[in-house]
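Shown next, in structure tokens, is the structure this report addresses.
Chain lettering (A, B, C and D) follows the sequence in which the chains are written, and residue indices restart at 1 in each chain.
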Amino acid sequence: MAGNIYIGEVFRNDEIRRDFFLMKIRLPVQFDRPRPGQFVMARIAGLQDPFLSRPFSIYAYGRGRGGCAIELLYRVAGKGTRILAGLIRGSQVEISGPLGTGYTVDPTKKNIVLIAGGIGIAPLSLLARELRRTNSRAADAVTVYLGARTGEALVGLEELKASCGNVIFCTDDGTLGEKTLVTKAFRRDLKKYDPADTALYACGPKPMIRSLAGLLKDEYVCQVSLEERMACGVGACAGCVVAVKDAAGNKAYRRVCADGPVFNLKDILWE
Amino acid sequence: MAGNIYIGEVFRNDEIRRDFFLMKIRLPVQFDRPRPGQFVMARIAGLQDPFLSRPFSIYAYGRGRGGCAIELLYRVAGKGTRILAGLIRGSQVEISGPLGTGYTVDPTKKNIVLIAGGIGIAPLSLLARELRRTNSRAADAVTVYLGARTGEALVGLEELKASCGNVIFCTDDGTLGEKTLVTKAFRRDLKKYDPADTALYACGPKPMIRSLAGLLKDEYVCQVSLEERMACGVGACAGCVVAVKDAAGNKAYRRVCADGPVFNLKDILWE
Amino acid sequence: MKKKSKTDPALSVDIAGLKMKNPVMTASGTFGYGEEYADYVDLNRLGGIVVKGLSLKPRLGNPPPRIMETAGGMLNAVGLQNIGVEAFIAEKLPFLRRYDVAVIANIYGESYAEYAGVAKQLASAPGVHALEVNVSCPNVKQGGLSFGADPKAAAEVTRRVKAETDLPVIVKLTPNVTDITVIARAVEQAGADAVSLINTLTGLAIDLRTRKPHLKNVTGGLSGPAVKPVALRMVWQVAQSVSIPVVGMGGILSARDALEFMVAGANAVEVGTANFINPLATMEIVVGMQQYLKQNRLKNIAEIVGTLQV
Amino acid sequence: MKKKSKTDPALSVDIAGLKMKNPVMTASGTFGYGEEYADYVDLNRLGGIVVKGLSLKPRLGNPPPRIMETAGGMLNAVGLQNIGVEAFIAEKLPFLRRYDVAVIANIYGESYAEYAGVAKQLASAPGVHALEVNVSCPNVKQGGLSFGADPKAAAEVTRRVKAETDLPVIVKLTPNVTDITVIARAVEQAGADAVSLINTLTGLAIDLRTRKPHLKNVTGGLSGPAVKPVALRMVWQVAQSVSIPVVGMGGILSARDALEFMVAGANAVEVGTANFINPLATMEIVVGMQQYLKQNRLKNIAEIVGTLQV
């Protein structure tokens, strides 16, 4: 079931790195506690240009007396995010959510491995924090692989270090951490992770997800969060689909917003 | 010839009465000194909703070292003006102008009479100030009739009192000044004004202009400033026309933006 | 959940036998099967729900990307992905039956026989109150021009569907034609109980960087406020040329928009793309219509239908 | 003022004999007779200026209001107010001749004879480099359907105009048709040297308060970014169906938009409504095209024409 719609108030909106912003939004207490991997649709009420709402993963969530707050970690990619970036404290933003399915957490697994590319850190960071909040043993057992094009784009690292046992980070150009692709860094360690006792969670650009798919044997279960352009965000328009193998092994299109954004990597069809 | 286009900076934007705003905009020194009755097209750069620029009379003009400034006096009428009203000091606004023909001032006339309805005071106020600036005798000879629906909408009065010899003001509901229509107040005095020695200038809602047309014998010359929806503001689209009698006495459509906004009241065809 | 919500009799309409508590319906393809928006919208307060277009067999739909934002609107090439009429009846109708709302099944076919087949299955399905026939799909036999662009084909589809059902049949017209009134009259003569319009305008968006279309399907259907002037014009034209009821849509965001369509001649309206940008749009439109009636001291919404003064 | 401005040979185009220093023209009806924007735009830097539609005699045009803003665009019903072809030649052409820019006379008629008559007068007018034939006007004899909606009538207009002049003849197509490629092929066969598209989509806007149309003429033509997806689709379709050059327009605001039209198959573009909201639009588009060529190491703008990968 879908979430609901609220008027949020911008509490902070800081450029933490060039073109990367962290926005904290105050919401009424009715806003449901999100599961990691869930997202919101955001828009500026009354503004018709850009026309559609924009989807953002929930990066952090907190609850206090009389209200709650979410944080979005976002990169300025185009018109919509540029307008978001211009909002000052006190501005209103329309938030619909929490939406989508989110990650299914299995704390019984010995190894919990997160693989994040660029802004893909947003949903995984909430996952890491929720693991720590609900079960600190699991959090210590978490290993994160975090990669980005360049050091300037490697956001969320401090947060992760605080919540996870083991953080491995790298950049394509070597300006921060090791100079390698995040999937390569992960592959190097792959044999350490027993398929039966490992839960993998990933989010990042399509090429990263695709190369993960090539890397992982069928025994591994890897939950990936996908991105597609969205219109409704609630499963009503069938605009945001991704091709998957259905239960019978046939090709089907699934809605990223309602059937995802988290999918089993094995199910995704690369065409 | 048309004016040109500049990025202006909002210097003040105050709600001087409920729904009436006074915006002062700083412009580069290249912005031509406007003639009273000229106007600008304003828009917020990059914003496509509302789509078209909006025309506003120039209410005041000043020039200093390194730049100049104009003031717009405007009423919140719809989407465009509501957005203008929300601009804070330092905001940018795209200004094209000064546009249109403006009033032709004949200081040799003994009586100079301005008749303004509501926001129609905007161009006439600049006229009054220019008369004082260029020729203080004429300014003392100026009589202004200023009317509005209600006292709350009677703006610009103090300014006028400062620049004109004689200000008569009234409201439809009697909340400020006399309870009468501005055209009625003017009609009462009409016989005082010898057609040969009187220059009349008017701006206001269509019904006011129309009733002036009914009032004035053909001997009077009355310059009226008209309003029509505009697209280009420079005479290129023929979107903003008004029906007039041309020199040969035939019906023709004239562009309010380029052939006006100031017309000879006698020429206007009421259909 | 089948509770009668407080309704306003002044808003109730009867579109060729389809009785609704108000003239506000959701447009096909923009409101799923109703359940997707049930957290946002009290379905009991809607006039009608037009469900996603149904075909005889489930359809995969087009490959992604399927949507793209444009100035004041969007393009879609969903390609009529749907679960098929059987699954609809078995899996989706029971949910909808729990609500006191008219359910209109939008149907679709690639041949006359498919249209007839879908109509037949729905004819006896409990909880379906009317059919809306989407004739905008390409007529494969006729070289890909849509059924709805050819008065003869549109009339034939109408006849075939009418032959299968006693439900009110609303034929949904495409705007991608030279003269929409010709098509409207053709389907009226073929027995359509009402017409609805407009479906989407065919458009294209290009990604300059890759020099590829933004939609995998190349072209898509344009909807949203950008098309509203075209939709209003066509509704006005059609309302003057047929005597059956007209359902208007195309870019409706607000009660004001909806009322403009009714002034142009629509007896009811559908709200499509607006749901995406404001899930509460339909509710706001119902409330706005009530306010309008009150402010203008009108006894019934029907009083404004077709009152455009030209 | 006839000074050669610094031009970039990589941008120069030749549309069926109409040579221009770049593919950026102003669209008819949106740039007056050139002089209105001369304070904003260096006319020498434009590829071409298409002037306001000319008829045989001066035309009053429609009563106001003539324009209305809509979502992402506007409606106009100027009704082809113009000074007539004679006054154009006597009063407007001398000004335009002072500039090093292609002048395209947009012409218009209510009968075949009027089209031919206007073309004839312009054929020998010094400083006119091409004719653009607006066939979107209602064909009074054919019940008001526009010349451009009927392939036979559009072809006949083309033949009649071609018979009067050796200037390149560009036929400007209306988008209000079921299949624009049929019309495009008809005028190509009738001798058109090029086609341009799209003219405006017919629309309606209603003032709910008064229940009157916002335009006195009731309907008007929709233009601006709202129509861009429809325009791009039609340009792409037409470019594939004819072998004469195509001039694309409809909602172009930026160099990016203009280049998308060229990727879709346009050999040149016209910029219309954009002039109203940004008088510098044409200049920015020319500069943007230059930058694009440089960034993509292209030798000539022609290299991108029709390169859409589908």
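Here, a contact is a pair of C-beta atoms (placed from the backbone, for glycine too) under 8 Å apart; a residue touches a chain by one contact, two chains touch by 3 or more.
Not measured: the values here are computed from a predicted model.
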Starting from the Cα centroid of chain D, hunt down the chain whose centroid lies farthest away. A
Could you tell me between which two chains the number of C-beta pairs in contact is largest? C-D
What whole-Å value do you get for the distance between chain B and chain C if each is reduced to the mean of its CA atoms? 48
So how far apart, in whole Å, are chain B and chain D when each is placed at the average of its C-alpha atoms? 36
In whole angstrom, the CA-centroid distance of chain A from chain B equals 56
Going through chain D residue by residue, note those that touch at least 2 other chains and give them in order. 70-73, 224-225
Could you pull out the residues of chain A that touch at least 2 other chains? 48-49
Touching residues (chain side chain B, partner chain D) in the complex: 1-5, 43, 48-53, 96, 228-243, 251-253, 258, 271
Please give the residue numbers of chain C that touch chain D in the complex, ascending. 70-73, 75, 145, 149, 176-179, 201-206, 208, 210-213, 218-220, 222, 224-230, 232-233, 236, 251, 256, 259-260, 263-264, 304, 307-310
Provide the residue numbers of chain C that touch chain A in the complex, in ascending order. 29-32, 36-40, 52, 60-61, 63-74, 76, 78, 81, 224-225, 273, 275-277, 279-280
Which stretch or stretches of chain A touch chain B in the complex? 47-49
